[in-house]
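After this come two complexes, each holding chain A, first together with chain B and then together with chain C.
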Partner chain A sequence: MVDAPASLHAPADYAALMRRKRLYSGVIVVIFVALMASGFRLADARNAGGFIDGIGHVFDFPAEILSEALRDWRNLPGFLLEFLPSLIETLNIAAVSTLFGTLAAGVMALFSTRGLALWPRLVPVVRRAMDVMRAIPEIVVALVLIYLLGTGPVPAMIAITLHSTGALGKLFSEAAENADLKPAEGLASTGASWLQRMWFGIVPQVAPNWSSYALLRFEINIRASAILGFVGSGGIGYDLKTALQWGQGKYDEVVAIFVLLFLTISIVDALSDRARARLVRGGQPA
Partner chain B sequence: MELHVRKVSKVFGTKAAVDNVSFSLREGGFVGVIGRSGAGKSTLLRMLNRLTDASSGQILVDGTDILALSGRAKRDWQSRCAMVFQQFNLVPRLDVTANVLHGLLGRRATLPTLLNLWSGADIDRALSILERLGIAHEATKRAEDLSGGQQQRVAIARALMQDPALILADEPIASLDPMNAQIVMDTLKRIQTEDGRMVIANLHTLDTARRYCDRVIGMRDGRVVFDGTPEQLTLGVARDIYGADATFSESATSTDIGALSTDRDYAAAMLDD
Partner chain C sequence: MSTTLTPAAAAPADPALRARVHGAMTRRRRLALALPVLLLAYLAYVFVAFDVAGIASRARPENAATLLNDFWSHKTHVTRDNRSDTLQVAIEGENKGTYPDGQTPAWVHTGPTSDGPTADGTTAGGETVIDLPDGSRITYGRDISALIERPDFGTIRVARVGRDITLELPPGAALPDWISASARRVNVTGPGWRFSMTNARTETFRYAPGWELFFFTLESPFAGRSLPDLVALALWEPRLDPARPNLAGMADDFWNNRMWRHGDVVWALGETVLMAFLGTMGAGLIALPLAFLAASNFAPARLIRLALRRMFDFFRGVDGLIWTVILSRAFGPGPMTGALAILMTDTGTFGKTFSEALENIDTRQVEGVGATGANALQRARFGVMPQVAPVILSQLLYYLESNTRSATVIGALVGGGIGLLLTQAINTQKDWEEVCYYIVLIVGMVMAMDSLSGWLRRRFIKG
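Right after this comes the complex of A and B.
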């Protein structure tokens, strides 16, 4: 019911507004181009062999690996079987971390969403806690924990769980912010406790979105779990690192591991895509 | 039940939504609160149920100031003071019976309720309430699959499940078509007369207030400007409540308040709501 600002009624003022908009866009483009150019210059200056000179040899190493694998292609099926247990270990680490991360993120999200939080004063505290969990890379946490707990899958699980909690918590909280508060309000009017209000009033609304994010996180965590194998948390990453460090003669193993990882991630990706589409569409066919 | 509202105010920012309101209700009855959108009717009801905290004042229920309650005691009061909303406020994905059983959430142990474990007696009571309101055949449907009028009756069933002394109804028929509006109002009236429960309903139309209420409280700009019987609700009084510039026609029988007024500001206020 409020009238639009009077200035917009005059065509001249409108034209001035548009000119200013265009000017801002121009400035942003200039800044972007400058950043790109300086970034390339820096990369070239810092790189030992020279960034521009090295770019032609980017494919030398993969070519070497592939040619050796092609020569010994008969070994591949055997290696695929041999590495299957470590692949399962990697998947296990990812699955457990995703599960715990999702549960923790759900709780933290409800504690950090304005209008829902049980203790509104703690909202910023919980948010900062999630920021910290999200900001520290998994590999840093894993390295510290491996130093403290020794090698094995547990440090990787804790590291990935922490990161998942932070990352999912923020997404979960954003989904919960958009939830319709009317059901929860109706429950509050009957004297329901906070837990009951969340469980019946909010969780059913956000469950499809939350599950969808959790599935996406599972894919990401498979990759994270594989990478953490490099620093000694077991799984297929450890085998990959060993094979790569051995160098020539084991490149067929490297390729077998890559094939396994690629297949796994593609399959999980395809399955979770379908599941997520179904969740978000609420079980309706396309 | 005796209810004394004493000098209750609610301030949002610098604006008083409810401004020093006092009234007393001694015996049951059907009380209508009327007024323009933004007159403070909803805020008043929400303070009674403690969904909104009052800025100052007292609400004494049988001697206890319910505005001073907190924690468990506040939830105990809420479980005795049922509320029905304009948008029904049910859990859309759950079935009708589960929604009715939610009336007991404040009185049962948390864990079993979260797992939807209810005693046979509780379920029987929920079903018999649905039976009484004529929607037992919808008991297993999802709440969201019901029509508005049916959903509002489920909300009333949830309220009855609370076995409340007081039922608050915040614009219970504002989202319903005239036929469903009548069914819902008749249901509320029946509950009030047959069970002897007190009902306080925010109503949009003079018409409905005159037909169902034993007592009418008129609010304007957060203040009580009328408190009396429907018979005392003359055209002059209505102008007081809805604004002196509002034009009324006595013959208007529409449930749409917009038809009662040709005032442009008034229509604008309705659209803002």
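Right after this comes the complex of A and C.
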């Protein structure tokens, strides 16, 4: 929306341009407000409970579980320990799928970047494949795989890996597009194979960027893995679902799980924030 | 890492430097070796922790076969109830796909019946002949028996004698592996069909490619017609149903198709996009003013800034899953709950990124606007907003696309949108063609949102 006036001969031109711009902005704002208002009303109408009724009760449930947790606060440390293995499972799912996703995305990114690809004809094919992998929500793959493989962490892991590959592949390939080709060309002149050119010429250049994206993905994957647990593939999400279904009497467990999830996400968030700042700014010289 | 050094460089003058370089190289080499080993060790641990070996025993390959078949084909059940002696032809064995009174597909011939169709719409008595795609033919006899004629094998007779099911093969034939027989049940499988007889029922499944009744269900007068036929009906042929024009009838029957529920599906997709839109944009509207208060160069007080920062961290840290659980208690299932859950998490994210963008602006532009005597609001509007608008807009659009996907998942949790339909279809464990349909729609929806957000980004944020 920041248009630089190209060539203006007279103030009248400028005034007309400004008027038109203002008109366009006005129209966009009106459309946006109309969309928001009608969308809100539609969502409100199709929701089981209305917004106005619900807003007064937002704190009912937190108050209920917190009061129960406060009453039985002595149980909390025990529950925190009890759910630690599930939390580790959730983290493992996220870590392994980030790892596999990063590796697969690295390969796919190199195959789908013009100028680097081993088989240039396959570039659009690999790109489409990554688009599809990115577009399929994890829950779809996870639920289908649960039907095939039974419940457990593996369906969630595969689902998150697939999605991570697609999402990271796109970012990786954008980073690789900006890589300097000279090292790879230099290696080529020594008779290096494609693999050697990539490994010694391109990967060192993109490694900081790629690892930064992978760290961000790890954060996202922890959340995804917790959610997938809720639909039946193990980890802390599954414990949360069980505790919630039990209802009153197990709210102290619910609070313990909320605390664990919140702490984990916040800590990983802060750590990866710091690591990413180092990778992108302070890390290797460009 | 073999580096060929020129003779001049091979002998560095400074031995200390040489030692340092060597030390660094050794460390690097050790690291290069240690990393893969560590990774392998971790993967081995996960292999055990996830019980990957046990997957093999828990996996159900027959489920995979069902699923793959159902994704692209459907089956028609021709069932005779051996107790009441009635015949029913139903697509996928579903109520919604049952052929009405005495009507059958062309490949099922019902012989002369003794007493005609019964009151409940099923056909009684008589002989039933079923033609199968490979040239085989199954005849349900008047007594409780069936003849299966396979051109390459001969005639097999299956009958109920007393409480047992008996099997008679053609003379001299050995039991082939496509027949399984016990006293309770006989199963015969052929290319594109399956037959089974138990005490209770005689049943034949005939498989056909494609999704059954995708456009019209059997009760619609347009069911089973060819495309040219439908075009002719829509454009010039007389009304099939005098009450409504053919084209309107088609649209109506398609929209209200009971098997595929196209109308509901479109609504569900709309709800999902609505959740993403309301959540993202609402979060943006809330986060923008807060971001000003949380940016170090605009914050009125350090305390407010720190408090807001912590609040953003809290909103982000409380995962979408937790917000979903809490909010669905207050608002019940539906798109509003999903939108609010997205809004909560994203307010935290946007607050953080927007305030970072605000901290990185160029102050000279603001000073310039201030020099004309502009007040704080005007300085923000004309000095700051033009600088941060591209960042904010691109963030909003990026999240709009990514939240469309999240809204599918959240919909599955809160019970709204296409996510709900998908989980319902998967939980029935048999409507896999519907699952496939929803997956295709979801992927299409996400890709469409991706293109839309990319297009808007290019349109509004020109380099």
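Things to note:
By our rule, the second predicted complex is superposed on the first by the 257 of 286 C-alpha atoms of A that agree within 3 Å, B and C clash if a C-alpha of one lies under 4 Å from a C-alpha of the other, contacts with A are read in each partner's own complex, and residues count from 1 in each chain.
To be clear about the criterion, a residue touches a chain if its C-beta (ideal position, glycine included) is under 8 Å from a C-beta of that chain, and two chains touch if they have at least 3 such contacts.
This is a predicted model, so every value here is computed, not measured.
Here chain B and chain C are compared by how many residues of chain A each touches, and C touches more. Applying the stated contact rule after C-alpha superposition, one finds that A:Leu195 touches chain B and leaves chain C untouched. Of the two partner chains placed around the shared chain by superposition, chain B is the only one that A:Pro204 touches, whereas chain C remains out of contact. In the superposition on chain A, A:Tyr24 contacts neither chain B nor chain C. Of the two partner chains, chain B is the only one that A:Gly186 touches; chain C does not reach it. In the superposed pair of complexes, A:Val140 makes contact with chain C only, with no contact to chain B. Within the superposed three-chain model, A:Trp119 lies out of touch with both chain B and chain C [touch as defined at top]. In the superposed model, A:Ile55 lies in contact with chain C only, and not with chain B.
For the contact definition in use here, the residues of chain A common to its chain B contact set and its chain C contact set are 1.
Across the interface of their complex, chain C is touched by residues 1-3, 32, 35-36, 39-40, 42-44, 46-51, 54-55, 57-58, 60-62, 89, 92, 95-96, 99, 131-132, 134-140, 143-144, 147-150, 152-154, 157, 223, 226-227, 230-231, 237, 240, 244, 258, 261-263, 265-266, 269 of chain A. Contact residues on chain B toward chain A in their complex (touch as defined above): 49, 51, 75-80, 82-83, 85, 87-94, 102-107, 110, 113-114, 155, 158, 162, 268, 271-272.
Across the interface of their complex, chain B is touched by residues 1, 182-183, 185-193, 195-196, 199-201, 204-205 of chain A.
Within the complex, the chain C residues that touch chain A are 39, 42-43, 46, 49-52, 55, 58-60, 63-64, 67, 271, 274-275, 277-278, 281-282, 313, 316-322, 325-327, 329-337, 339, 386, 389-390, 393, 405-406, 408-409, 412-413, 415-416, 419, 422-423, 426, 429, 435, 439, 442-443, 446-447, 450, 460-462.
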